[in-house]
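Right after this note come the structures.
Each of the next two complexes has chain A plus one other chain: chain B in the first, chain C in the second.
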Partner chain A sequence: MSGRDLNLRGGWALVRRTWFSWMQHRGFFFLLAFSWMMPMLIYLFVWSQAAGGGAGGGAGGTIGGLTRSDLVTYYLVLILVNQLAFCTNNWTVGDGIRYGRMNFLLLRPMSPVYDALASEVAGKVVFMTFALPVTGVLALILRPELNVAWRDVGLFVPALALAWMLRFVWGYWLALLAFWATRADALLSLQESLIFLLAGQVAPPTLLPAPMQALATVLPFRYMLGFPVEVLLGQLDGAQLRAGFAFQTGWLAVAAALFVALWWAGTRRYTAVGG
Partner chain B sequence: MNGTHIVVRDLSKTYRVPEREPGLAASLKGLVRRDYRDVEAVRGVSFTVEAGEIVGFIGPNGAGKTSTLKMLSGLLYPTAGESRVLGHVPWERRPGYLRRISMILGNKSQMVWDIPPLDTFHVLGEIYGVDPADLQRTLDELVELLEMQELLTKPVRNFSLGERMKCELVAGLLHRPDVLFLDEPTLGLDVSMQGRLRRFLAEYNQRNDVTVILTSHYMADVLALCPRVILIHHGQLLYDGDLGGLAERLAPFKLIRVTLRNGSPDGIPEGVDVIERENGRLTLRVGRAEAPALTAHLLDTLPVADLAVEDPPIEAVIDQIYQEGVA
Partner chain C sequence: MLMRHLRLIKRFAAVSIQNELAYSANAWISLLHSVLNLGTGVLGVMVLFSQVETIHGWDLPSTLALLGVYLILSALRGLFIGPSLESLAGMDGEVWTGQFDFTLLRPVDVQFLASFRHWRPFALLDLLLGLGVLGMAMAQLGGTMTAACLLAFAVTLGAGLMILYALLLAFAGLVFWSPGFLFTWVFDGLFQMARYPASLYPGWLRLVLTWIIPVGVMTTVPAQALTGDLSPGVLVGSVALAAAFLAGASAIFRGGLRRYASASS
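Presenting the complex of A and B:
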């Protein structure tokens, strides 16, 4: 891999090109962002309805110690974190290998990872121009209470950055399996399902049954999405925070090692398509 | 730049491909156990290419041309053998090597369809670290040679195949590579666009002394551009030399075109291969050694109105080799 040649000039040019290209199709990307939001919007309304209480939250019952307002806050933050941590390139990298588009990336004097990173940076801007106003409007309507400590904000930033990195690198090594199996993208679907179940989308972690909570704690998926939200909302004590960051960085190291090994072996068996 | 640009020694590439018999039973068996077959795409190929040469790499479909080109460009790892291009081992894909080569694939595009080509060209300039002034100079030169000024600001999506190929050439040449691998660059283009691209490649090579390996199924490309050809068939190198020598070496026959006054083929000796007859005009295929004697015999014994002895057209030679192997 030519990653040893740090080509920031080329990388920034790729970001700009991806913006130019994506802004031609704003509507498509806004719809894509909306589709990522949908499951969480549904569960926001399901759980807040289940918790009951009057408009604006505060009063009414609780579920697992969470009020309606807590649940609305949790899901609105989760929606924004998901938009920031979601990685599209895990899918496109596999397609590039399967359909031979990887050829052009391998012929350039910079690592193909730059191409995926450029799409990530460009994508975040495009998706957030949609997600921020939508969640803003939802917040105005649902009026959640958000009390965030500065210490939690300080911990949230690295937790979010690590969540994105973990999801990116984890998805990338899964996508690299396309060097061996043509339909390795099925594993990406499995990953998305596990994120849905264990990373706090279907329910906040505290509402999960104990065995699932235990699984969520040790598997990597919670650290791709739910963990930063729990950090920001102050739901974790000191020991849980330390364990969470340890799991997050540990899984990131595992993903990075798998990525390097699969890249090394995969490019040696790459046969592209045709000819 | 002088010297040897490309050295290839005993290069081989074997693919392992899954296969199964047709039908439901074989399909179910494939769920449990897959059968694989080794396909030797390239078998012990060796050659060298000097700086500034244009070499035509020819052979039928599946001969191993593109696999060889992909190994030389660094896309594929060989199964065996070695190669140095510009002093580098291609499949190590070092940035210093990739900055000095370019590979243009006639059936694939590196242009981004939604934006004008000028945007893609500027991005490539940044990726390859080309000085902006040099980039502009190269761009002006290429745009002028390819007569494509009006295309620069339109989205690539709206281009014809020929217009897209012009863009591919510019994209591949912006960083002024020393070695250019061209895989079917005129594929699917109309006759006039093929001619224009050939003239461009010839002129670009003359101006810049770039080393070119070209694969093409259009013999007109090879005839117009390549003083030297390398013929590869079933993964093996069959011929490496000038185009004229290819016919002499691999198709050891001549064509005798004879027009008879009475139009009757009677009197043509037994065993001579008459490959065409039309309005009293016959085309005979004979071994090179027998051609003088047969010509004399025809002139002595038949009412000959016209007679010509020719080398077979290169297309016919290639076709014969593709279908029958080496004579």
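Presenting the complex of A and C:
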């Protein structure tokens, strides 16, 4: 790897610059965070009502072995994990290629991946300043019980890190399709729908009907979002945990290979649009 | 006066269609979006009812009917209300860029122009899909439907559409106070709550969804009318609410217009 690819000092400066610039526009990003949170909030309410018991708690039945409190905890953690693992690069990198902004990035003495990473760090900081207070208030109102084993926390951290990496690299290779097709957005929308259905947003994966559950286990989407939450809340047994981590790292390897191949082929093919 | 406005609407729609036809590849992408939107909505409801029989008196057919109403309302929004107001108050909208000066100079009522100017013909497909879901749900609901039910449904659906328009107009009008803020995005988030019956939300939220941002009324009340669970009081109440919101939204929009002082650099 040459010095151009590992310009850490330059990379850090870029991260700081992006972070400060994003904090300036935090109203806009709070709005984005709000709209990403909304679907999960809706399903939090719907599922906890379905499990019986009003908003204030009280006696209630269970659904598929999950109590109302379990469901509330699941969705509150899911909201936080989503804010941490959500990557905007699949939209922004693709736009950069289409509108020719990629030119400037390619001319810099460091890899354009730093630019996406800078947005990531900036984004996480800004989104969490919104998501943490909101979930905190919701936790105070809805009062779920949270019993987390230390072993599960230890497994959660790598699961979350892998989820973020998978979503980042996966989004990046999809975005690189913009080198060939000008409208790769359609694929991104398809991916959004699959994440909604299979990654644990519409329902915790254990509550999905059998065919959808089978799909969720095999496809990469659950490992970008729902899997770390299930790990943290201790919803998986030993075999499921091992299979989950195997699928997660496997898909990460596939995504990384696709990214390298597409980047190599794409940058050779790239000619900017312009005039 | 009315004829002139109708003629204008016809012209606006025709120009919009010509614009869209220039980008033929968009048609396929719109088709994909419509199908995905339908699929995620229907599957979401199916997943829920694969685990429970009823929630607070709502079963699968009645919740599907509600989803149908939601899809119809959002299709009508996407057909003209959304694109028209978005071009005014959305990202890089006219109020932000100052283009709104030229809109103000036109010899037509500004609120009319702002509401009907841009059309998105592909939304007609969403409308068809929404009607399909509603039809399927009605078939499942079976023979409980009377003429009175259907009439009440039509009236409350109309009231729901009026409330939707009023809210969008009010949120767009707020842009005159704070030009950079994307109020329509806030509404997008809240509107999604109308996918499910208002009674599935906790009490405090239900109050907000009924009286302050009544997205609950838009879909829940028509679906109740269809299943025959609607009391006459609610029927009258939702029509009155629609009228009140229309008047209020119009006042906000016109109040905002007076504040508009163009954009300058």
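One rule holds in what follows: the second predicted complex is superposed on the first by the 265 of 275 C-alpha atoms of A that agree within 3 Å, B and C clash if a C-alpha of one lies under 4 Å from a C-alpha of the other, contacts with A are read in each partner's own complex, and residues count from 1 in each chain.
Here is the rule we use: a residue touches a chain if its C-beta (ideal position, glycine included) is under 8 Å from a C-beta of that chain, and two chains touch if they have at least 3 such contacts.
As the structure is a prediction and not an experimental result, all values here were calculated from the model.
When the shared chain is aligned, chain B comes close enough to touch A:Tyr270, but chain C does not. In the superposition on chain A, A:Gly10 makes contact with chain B only, not with chain C.
Contacts of A:Trp180 after superposition on the shared chain: neither chain B nor chain C is touched. On chain B, the positions that touch chain A within their shared complex are 15, 65-67, 70, 73-77, 93-96, 98-99, 101-103, 105, 107-108, 110, 112, 114-115, 119-120, 122-123, 125-129, 155, 183. Of all residues in chain A, only 27-28, 31-32, 34-35, 37-39, 42, 45-47, 49-50, 54-56, 63-64, 183, 185-186, 189-190, 193, 196-197, 202-203, 207-209, 212 touch chain C in the complex they form.
On the side of chain C, the complex with chain A involves touching residues 25, 28-29, 32-33, 36, 39-40, 43-44, 46-48, 50-52, 55-56, 180-182, 185-186, 188-190, 192-193, 195-196, 200-205. Residue ranges on chain A touching chain B, taken from their complex, read 1-2, 5, 7, 9-10, 12-14, 16-17, 20-21, 24-25, 100-101, 103-104, 106-110, 267-272, 274-275.
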